[in-house]
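For clarity, chains are labelled A, B, C, D, E and F in written order, and residue numbers in each chain start from 1.
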């Protein structure tokens, strides 16, 4: 399993370090306690059962703990499950670190920051540029480490910045092909559209929804914050309203969380570019795990479709 | 037609002062210009055609002008139309004023203000009370004169305050029957829920949507403003978030404009009380215009239903 | 676990009497039979497994049997499950009775009857009053003991009457605030609207749907019965039709089981009051089981939402 | 225009007797009153304008009056309109009668009655047979003259009986092909399913909805009446409930007016046979008015589709 | 269990030959491998667990293998499960064959072929007749053995031909009752409408979807093939287009897989006859497995309804 | 009105040549015939009434006739209408031609052909390249002149080729940003996806739907034709199936006319690129007609939205 758990097949042997993402206690039909572990490495996750655990085991095998494990990939109710044959807690001498076990964007933080800076540098409208700069400054660290979502697409370290930077690249080309598009507005909209997630999601490693995220959601929170920031910067033109509209409408429809649909050209194009980048991210990662002639697993966020990799594609 | 145009029947004669709400120029099939007038008094509106108008007429018969008119109520394409037999511009000596021709809440401004004050006075939670007080102070004049909507329900002068005060009365009783309900929270939610309309709508007499209203809508605007006001007042507890949630969710569903559905008990009850008061307002006004044994006109905001007035109701 | 099973937490010890609501035989992976028991007390239900049962056990542990049990509340597939450590059949000498283990309305039957009688007494329209009286007389015992539903809201002994009496209280206040509302009609509609459930549901303790209930539903059955009763009482005015309409339309929409939507003012208000009382019942009971800062479990009948109890609420 | 108005083309001359179905007064742009007439003969309807009418004209040209008219078929806003060149009231000496101007089923009443009687005679289940007989006896005259609907399908004199008899013929064949189907139940369901329309619709010539029809609808009214009739006949078996279910569910879905979907085999097949006969009636009548290679007008009750008549069909 | 597994009840003993339809390896909580078998005979399927299997067992108990088994029908998570007490591989001397364990149409292939031939013989339009003959010739063997679907209706050997022949019988009667219907067109549409399934499904015994079937579906594949066949036969009239339309539209609505709804009379009637035959097939088979007074299991393809068998039906 | 009718405002004078697109006869309330003309130039269309026409006029003012006209732009029922003051038939000596009055793509045919050729030249997969070449050869003339639709987007001469070429440009950039995308497949899909419109639409100037277009639609027609062409070219690999899938699924959802949703990565991206180019075309053309601070007219194909042009945009 040199490739990592995300690429393993039923029957593969496993002998490697992994990170415990989640551990839940249960009681087996023989009355003895067991742990259901969710284990992960940098390529994916798998479930495993640890049978007949002692009280001490329950205090050792806990989330964010690294373990050394050998076993075999089996199937249970149609899903892969790791059968544990041997397990121990990782030692300081093993020289392993949590950061090895979390998925990261395929682009380095420094490069992501550089691309963001370039985009801001290209902008000519001073109001938009100042607002965008203020946000980047305020949230720089989180912006460069947060995932773009807790699951589905760009759900890895630096996923949010990776998503923004890919969208900016697309926007640049769209602007070349349709020069009527206001590039400054589109760039600003892309950089800001999902920053509300920094408050909606709880963090980088174990990403959950905050209370605020559940009760308001990232869109209204970000609309509000653009207002606050503009006020502090004493910016008052229509740029503020239009940027708020781009953020507000970027999910495209009321039933998808945007109380107003896009009513400005760049709001519409922002919504479409967001769709393309999110979908390409999901598709490329899923298709990389299957061979030509096969279908991917069901992709929940793409209407539960399974995608086919044609025979004429290189593996 | 002593009762006013809202209560007139086909065939009624009209000889009265009315206000021009809207005037559009057209060209008749004989090539001569004419004006399509929307006329109103305190009870309702009617369309009228003024044929063969001169250039001067076009400058006289304009919106917000009062006229004296005689004619007859006819029917055109299934809707009432006023056939104009005589028309003239009202004179200073006629002693009529615009305020006579606009519909007003059946409760005086002073009484509405008093009820609002009472409700605020009953509140015990200092954070909520201070926020509500700040809003009432900031918007007092507009709050007491704006309609609650440009059409459908409480679409008259002081309609917004009338809607709020009626909802507060309902809330008081609901709290008595279900004492677990947090009265302070419910009161605060009721007072704030629609204040975003003060920015969404353009004014009291000719009520239209502002650009901001069209691009953001009253709900996100108000969520933002609660945040600003709380910041200025240096209020930081969960009360701010929960109030924002009540405003955000008061339309009940994403497809009705609330990106989050009610997720707090008082948010749910606020949504239901809002529905009751809006529907009772529409129903009572429509039913007052028909006789027992008749159906009302179609009510657009109530799924286009026509309501029946049973024979055993007094007229 | 002084509070009862509905308030227990994972890890709690249990040592108490409970009622078997349901028992299903299964065969474990070791080939031995076991029983899946649904156990209840007056506060709620929990699942338990009884392993390695004998033929005799299968005849002892059956529905409506009271047992004495000790064990521990565990979690299985995300739901609480009671781990049984000791179990025995309750004896006559234990002095426990089935009525102790079923949930009951928080108001006594006598008080519910009194409130109903008061409401009927307030009615002035003789046709409506006579019809309502006839129904109360015909079904008095069942009306005072049936639940309002087999699950979701007021699903306890006397739930139907509790629901009716709460709605009458709301109606009284609504009538005060909107005096155009016909109180007699609204009262009569409230008392009759769900009486069809007395035939739709099979009984008080193990509430299931009757064949008639499945093939016709409580609404058309009740519309029919109002017709029968009015015929017997030789009542012929429009009151009969309008009462049938109120019952027919009280679910609000065709897709919710009302072939006609409310087309009379009191039908609309009846629908809304029904919604409020059902929702307040669900919300208050769910929220009473969580602490400030927590979310309730998912409420299926409220679009599967989880509700938040703000930090500023007293526990 | 030997074929009748339903078969006329733009440009055709008209010189014939017609029946006024509806007459509405309007005022033209020159200030003079005019009448919008809906005229019909046995094949269809057309709109016409009668300009510059006198007060006397308004009392002469009224609904249910026969007129003699010459004119030309024109087009107005995409729909045919009859341009009136000459018009007069029909005289006794003209020898024309209202019955000549209304559409009738293509089968005589006597034959329809005979087929109904045959079907009842074939039934073997005494409970169903007695109930059906009682309804036929109670409503014989109306049953043989009413339309099946106010528009869309079988909207002509004896349309209801024609619809029932066609469905019975289909049912007979369906039973032969699928002998498990209970023929008695299916026959009874077909005969009863739409009888509620005798109370829902106001009459044969100018068919409108009654108050009762608007507030309850033909389905719940008929469910109730089956209950009454069965009680009078002292029939108590499950046949009554199942017949009520067939009537209740024959629209197939809650959103189409059936609070319960078909849950008995014959209820499902009744729903499908109803669909087939209604659709064949609409399609055959529309297609008979177009030539091969043409599309019909839009058929509202068939999702607004236009149907194509292939070139290989005989005209 | 003389009747077969499809008619067995919980608690029945089983001592019979069965066919393994599917076998999946799992690992039990005690760490030992087991097989989940799907077993079938000519009347239905059941799941069974084979515990503690050896490596050799895993190579013996595989799909399409016949076994001899004794055991008992139990219930597991609400569904029947066969508890295996003894099992062995069938021997040549047992004299059993796969064809005994698959469900077959209740009509012999020869008779189905005869009915098809008769229908083609009745057709008079040479273009349609030649196209239909060409398809029957090209696919005769598959057409007579394929199921009509992989599940839901006519999902047995010769199911497709059985479905076609039943529909032809219905069509014959519909044509008699509504003689305007073009019988040749309707017959041709019925014979061709589902032939695309011969390419969409992988085969007769283990019926799966082909890649082509998943990416295009049987409807567009068949539209294309009618074009190819007509080209080869050098047929060019409108018959080809209309036949393609009948196939294209036979699912009735875009969301059910027909990009165009029926726009020709016979396309509409084809859709309805298809519905009737599919539903009668599902209903009759499900109802044959329950007693009067009972409901069937949920029928997924009929909106998940459970159907009731009235008490007055013979068992 | 130097800019053309598409850019005119209410009140503008018009004195120019225009093309009659449509002419319908009506009869005015004074009994005299008139013509409703739809007039166009290269920038847009407008309705006009020609009153009191003679028999000769009716033969002169017909579709595809060029006229010289002076008049004024008025408003009628909220839409612009041209008031005709003078009109005459264009003469040979006027030197005007139909091609001057139809909207054309902003890119010359030769350039469009060049870009298409370049794209084909870039393709490396021989099967796809040969199929695409065959189609371009077969339809070259029509492909370069047809509109992409009869209305909504690219509804002008060479609109289809313009749409294809814009999409190719977008695809090129998308491939650069997401190199996993199969460029050959995406290019081939883009070139072929809408070619079925060459048979679905009747022609370039007066674009209507053909019978074939109405009964099958461009998608199934094109799927079929790819099959035919591949057969003729004796190409048999999976490329044919996948290309057919791209065409079949390019509308994205069953309810939008694609019986299968995109199930191959390039099918998904083709659908998204199609959306972007169609929407940018509609938006840019509509926004070019309004000033900063204004909203466009309602765009039917974009959910009837009106788009706002921010104040900071250059006019």
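Methods note: a residue touches a chain if its C-beta (ideal position, glycine included) is under 8 Å from a C-beta of that chain, and two chains touch if they have at least 3 such contacts.
Keep in mind that this is a model prediction, so the values were computed, not measured.
Asks: Determine which of the two chain pairs, E-F or D-E, is joined by the larger number of C-beta pairs in contact.
Replies: D-E
Asks: State, to the nearest whole Å, the distance from the C-alpha centre of chain A to the C-alpha centre of chain F.
Replies: 40
Asks: Could you state the distance in Å from the CA-based centre of chain C to that of chain D?
Replies: Chain centres of chain C and chain D, defined by C-alpha means, are spaced 45 Å apart.
Asks: Starting from the mean Cα coordinates of chain B and chain E, work out the distance between those two points in Å.
Replies: 60
Asks: Provide the list of chain C residues touching at least two other chains, using ranges where the numbers run on.
Replies: 29, 211, 214-215, 238, 242, 263-264, 295, 308, in rising order.
Asks: How are the chains arranged in terms of who touches whom: line, ring, star, complete or other?
Replies: other
Asks: I'd like to see which chains touch which, written out pair by pair.
Replies: Applying the touch criterion to every chain pair yields A-B, A-C, A-E, A-F, B-C, B-D, B-F, C-D, C-E, D-E, D-F, E-F.
Asks: For the complex, which residues does chain D have touching chain B?
Replies: Those residues of chain D that touch chain B are 24-27, 29, 31, 211, 214-215.
Asks: In their complex, what parts of chain C are in touch with chain D?
Replies: These residues of chain C touch chain D: 211-212, 214-217, 219-220, 223-224, 227-228, 231, 238, 241-242, 244-245, 248, 254-260, 263-264.
Asks: Hey, which residues of chain E end up touching chain C in the complex?
Replies: Going by the criterion above, the answer is residues 28-30, 34, 49, 51, 74-76, 81, 83, 293, 295, 308.
Asks: Can you list the chain F residues touching chain A in their complex?
Replies: Listed in rising order, the residues are 125, 166, 169-170, 173-174, 176-178, 180-182, 185, 237-239, 242, 261-265, 268-269, 272, 275-276, 279-280, 283-284, 287-288, 295, 302-303, 305-313.
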